[in-house]
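Multiple structures follow.
Paired with subunit B in one complex and with subunit C in the other, subunit A is shared by the two complexes that follow.
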Partner chain A sequence: MNVQITHLINSDKKIHAVVEKCIQCGTCSASCPLNQYMDYTPRQLIALVREGMIDEALKSRTSWLCSTCYLCAVRCPVKINIGDFMTSLKRYAIKNGYSDNLPYSKLTKTYVDLVNKYGRISETKLIITFSLKTNPLKLLKMLPLSAKLLREGILSLSLEKVKNIQEIRT
Partner chain B sequence: MFKKNVSYYPGCSCSKSGLARYYGSSSLAVLKKIGVNVSEIEDWNCCGSNLYRTIDENKAYLLGARNLAKALEMGLPEILILCPACFLSLKRTLTEVFTNSTLLIEVKKKYSVFGNRTSSIPNVRHIIDFLVNDIGEDVFKKNVEKKLDGLKVAPYYGCQITRPYGLFDDPEFPTSMERIFSWIGANPIDSPLKTKCCGGMLTITNEGEVLPMIKKILESYIRLGAECIVTACPLCHLNLEIAKMKIKRTVKEISNIPIMYFTQLIGLSFNLPFNELGITKEIVEHLNKKIIVTASLRGGKNE
Partner chain C sequence: MNRRIGVYICHCGLNIASVVNVEKLTEYVKELEDVVIARNYPYMCSDPGQEIIKKDIKEYNLTNVVVAACSPTMHGPTFQKACEEAGLNPYMFQMVNIREQVSWVTDDIEKATEKAKLLVSAAVNRVRFHQPLEKILVPVKQSILIVGGGIAGIEAALKIANSGKKVYIVEKEPSIGGRMAQLEKTFPTLDCAACILTPKMVEVASNPNITLITYAEVKEVSGYIGNYRVKVIKKPRYVDESKCIGCGLCAIRCPSKVPDKFNMGLNNRRAIYMMFPQAVPRKYTIDSEHCLFFTKGVCRVCEKFCPTKAVNFDQKPEEIVLEVGGIILAIGYDLFDPSVIKRYGYGRYMNVYTGLEVERLVSASGPTNGKIILRDGRTPSTIVIIHCVGSRDENYHTYCSKICCMYAMKLAHLIKERLPNSTVYELYIDIRAHGKGYEEFYRKVQEEGVIFIRGKAAEVAEVGNGRLSVIFEDTLLGRVQSIEADMVILATAAEPRKDAKELARLFRVPLDKDGFFLEKHPKLAPVSTVSKGVFVAGACQGPKDIPDSVAQGAAAASEALALLSSGVIEVEPIIAEVNKNLCSGCRICISTCPYGAAVYDAESKTATIQEVLCQGCGTCVASCPSGARTLKQRGFTDEQILGELEMILPKPKIKMKAVA
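Right after this comes the complex of A and B.
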């Protein structure tokens, strides 16, 4: 399976362009607001993929900590969009079963399921569905904020479905 | 009088049942007062956000394209968007559709309006860009009824309004919101953290890592003397509110500082009804204490 993924990633044009252009200057790593929590810095992650250490790269938590704030992207001297590179790696990790237990991966799937079902999402529904799947106790912790939002008439469970839902599903 | 027709993409957050519904309603009220005729895109759907793109990239662009197609069908190719994430998704969709020929063929097959010779290319705009560069100072100022003189406002842009494309302002140090504040008499506070990441969706899954980041932003604004923090993004807004709740006990100054959408603040200066703006009496009381020179906000239309 490893060889297959390596091949897949190597033939991905967008990833290929990143690996090809990067001069390993480290600007992205220095700019990243989440760098201190990552096991590999963004620059190192690119180096891993370049060296063909795909398994290592997909196991890393780095891409899962990327918030896609694109600070790296606007500072990169060779105009690489590292945020998008991170999104691609997440996609490969999900597809190949590297991230089944990661909360963020579950959140992503919950989101897509809601969109495929209704055409839209509601934040409240997303958070509740996700928390029930992962950590129901977290819902309790969110009570103070929910109470405030309820008071201000902001919290709502309703979700307007897209009328022509067939267009979304096909 | 100023007149202009545009289509409007609310997106899930700013729609009537979303968490940022007052960002939506206050923006619509402000635009109406200026004379912009806004038509909501019919039967719009999810923008094909980055979360969706993480699972299925191609489908994400098709979702985005459906919204663009609806705007074209309505004959209103200029699309106003409030949520920065939706703005980025639709902008990205547009770029992808017109640079990836396989995708373009698929989109044209699904939404024939794209292949139509007579239809124009969609023009995806963020509301800040629209207000500053299309409406402009002169037209805007005609609608200001109450100046918020002296109010120290801290603008918080977050990331995706200007990044990665940097379409209408500097990607790291934008100043468009500050220009708007100067038109309503408020004093903008200049923080180096105004486009720092709020943590985005990570607050749901990695609170331990991102909360310190948001706290830092809030604390910097307090140190700089902010009397009101203003955002232009549903997610920034929510994350700031979460951080505010968490540090309220230890950092006393924060508890009174309202966190508002920039269109709510504009609405106050346009003298629009508080209920349309979604502004509570507490907030107005607080702001009244801070505004020194001109007429107070008390007596807003619905009081």
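Right after this comes the complex of A and C.
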């Protein structure tokens, strides 16, 4: 186990507040629309962090699947903002190299890079860049579907760009 | 006047002595003006500690005593009594709090000792202006008012009445019995609730010392401990209680049907009704909101069929004034309305029930005579009980309602008993089976085949044909699952009565953060309140099961009896006083007094303070335009307060001249 990260997370006040408050009722897990794809339920993720199994928590794909819909936070009986907890975990994972080989983090990174570069998002560009990074063969598989979508005008090949993007960059 | 002051500093074990340098403090105090003797001792409140004070008062001929120890609400009376026993007027004493206000709030020995020095010297400078005061004795009215006729109120009433004192019970509903009357069985012994409650209700009705005022509400409270005056409004029943024999002929003929509140609206009753078959008093009541005569001006069928001519549509609200020595509040609790938790679908899906609704459903005297039939007419085969609905949830009530785990398990048992082939699930976060025999009951229910799953239900959804799907995480398996059920029961939280706030204002009893009545001390004075002579019992003080409510009812009764049998009570003489020579008779104090204690004396054309009514709040003193020498607060005179301030405020000081 990485002692340094364990220490970092334990001294993170935001994460600390979450793991201290949780009563492990499971409302968040059962409310999560993506729970079936997770390896650990959100409740279990909190338990892992609480018990110091940080390594395992950061390797989990749960936080990467979180779409921050905040249904869990709305229902949580002890008012934990689980969405923010997931975001914090993701940040730790990125900073400490846990996410380098995970497809979810690559997707997130591609998305953010696109937004940074163009100020807008283009599905076509996103999927192509992402697939090239992970599994280029998948692109071939998607061709028939994308042809259909193109014909219906749902998918666009043009790349929109925000004018004077440097003005809105922080 | 030559003052001889003794100062006593308590170590309170290490509570004070570990932070305040008591030796240094004692040395400092010895040098103060008029201080004859200063001592410190490990436990001033102990018998030997008090002996030291008593011995010194005699030996050194002390005129005043200052004790620096804990809060005066804790041991102020202890030391006052010690002074009195040694022949010193108890009001020549002053207490300084160097525990809560000094040693418990800092670790800094230096600063703590400095603050203690300031506080003690202020008290020494104050106490020299103290005047001997005499306690005021007031006789106690030999009767008790009990608000609420549930099990706690009934128990308290019987205890007091059986000791020969007079009791008035004011009940809002047409019958006493409260929540317990709605229950089928009681956990964990599974006694039939009606079988153990009804004899007590009948005893209340037949006891000559008990006056039962049902269908009535308290409107006004005045007076003080020992002498309360309570105005009660008795709502019109439109049935003459002295004539009604409870035959029920009226209800059979009544054409107006109304959802039965007692049965949680699961069936209809008539507009003229008796709450339940064992109601006490056994009298009918007309619900004027739904009676055809009151809503449309026609009908009067009940009047025609009543064999004793008891129906009287001309009845008016009746005002009753009660004079009592003490009051017990036992107004009980309400149940949380789960329809605000939208995801559980209560009120939307017809087969989602609350615990109390199912209680009526399984009750032999309930709407289905004890048969478990759903609102759509089916008999359920899969039942899910959801715990902690509205409790242990910061969005609704943070507290644990204490009774839900047990009543949920009792319902599971009753359902299993009636429908042996059904499957019952309990979705819980933690099972709280804390009482005597409760854990055994939990085990018993588990062995009966009820399936306990640890996890809070996230959602209830309808899947068609009235069937419901409950989604939850089995937290012990770490798996999100769903159960398809015919019936979902919500174990709803207990919450304060809707009118608790209003009653709290009337009786001057504070509420806790959750809205329940606040007891004086959670451990050592659980049924007393800061309002003297007003006691609380049962679930209005916090969620409580029947054994606890009965115990509190009895405890409140013993507090009330102690008050009555003392015969007289001592009223603190710390009250306002008028100097008739200076009073101009402007009557401003009369308009500001919240207790009606200040009155105008037409003969002397001055204000007069009625001693027993004055609570010593000081409002009149502050409002008097001709100053505090005219209207003076005993125990808080200008000299005393300024004397105290003189030592606390930083120098350069204003030289105060004693006027006393």
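Here is the rule we go by: the second predicted complex is superposed on the first by the 155 of 170 C-alpha atoms of A that agree within 3 Å, B and C clash if a C-alpha of one lies under 4 Å from a C-alpha of the other, contacts with A are read in each partner's own complex, and residues count from 1 in each chain.
In this text, a contact is a pair of C-beta atoms (placed from the backbone, for glycine too) under 8 Å apart; a residue touches a chain by one contact, two chains touch by 3 or more.
Source: prediction; values computed, not measured.
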item: Superposition on subunit A - do subunit B and subunit C clash or fit; value: fit
item: First, second, both or neither for A:108, with subunit B first and subunit C second; value: first
item: Contacts of A:98 with subunit B and subunit C, given as first, second, both or neither; value: neither
item: Superposed arrangement, angle subtended at the Cα centre of subunit A by subunit B and subunit C, nearest 10 degrees; value: 80
item: Between subunit B and subunit C, more extensive residue contact with subunit A; value: B
item: Which of subunit B and subunit C A:162 touches, first, second, both or neither; value: first
item: Touched partner set for A:85, first subunit B, second subunit C, both or neither; value: neither
item: Which superposed partner A:120 touches (first subunit B, second subunit C, both, neither); value: first
item: First, second, both or neither for A:144, with subunit B first and subunit C second; value: first
item: Partner chain(s) touched by A:24 [first = subunit B, second = subunit C, both, neither]; value: second
item: Nearest-approach distance, in Å, of subunit C Cα atoms to those of subunit B in the combined model; value: 6
item: Subunit C-facing residues of subunit A, complex; value: 23-27, 29-32, 35-36, 40-41, 43-44, 75, 77-79
item: In the complex with subunit B, residue positions of subunit A that touch it; value: 33-34, 37, 65, 67-71, 73-74, 81, 83, 87, 90-91, 94, 103-104, 107-109, 111-112, 115, 119-124, 127, 130, 144-145, 148-149, 152-156, 158-160, 162-164, 167-168
item: Residues on subunit C engaged by subunit A in the complex (per definition of touch); value: 343, 388, 392-395, 429, 454-459, 471-475, 478-480
item: Touching residues (chain side subunit B, partner subunit A) in the complex; value: 12-13, 15-19, 21-22, 43-46, 49-57, 63, 66, 159-160, 163-164, 166, 171-172, 195-197, 199-202, 204-206, 209-210, 213, 238, 241-242, 245, 278, 280
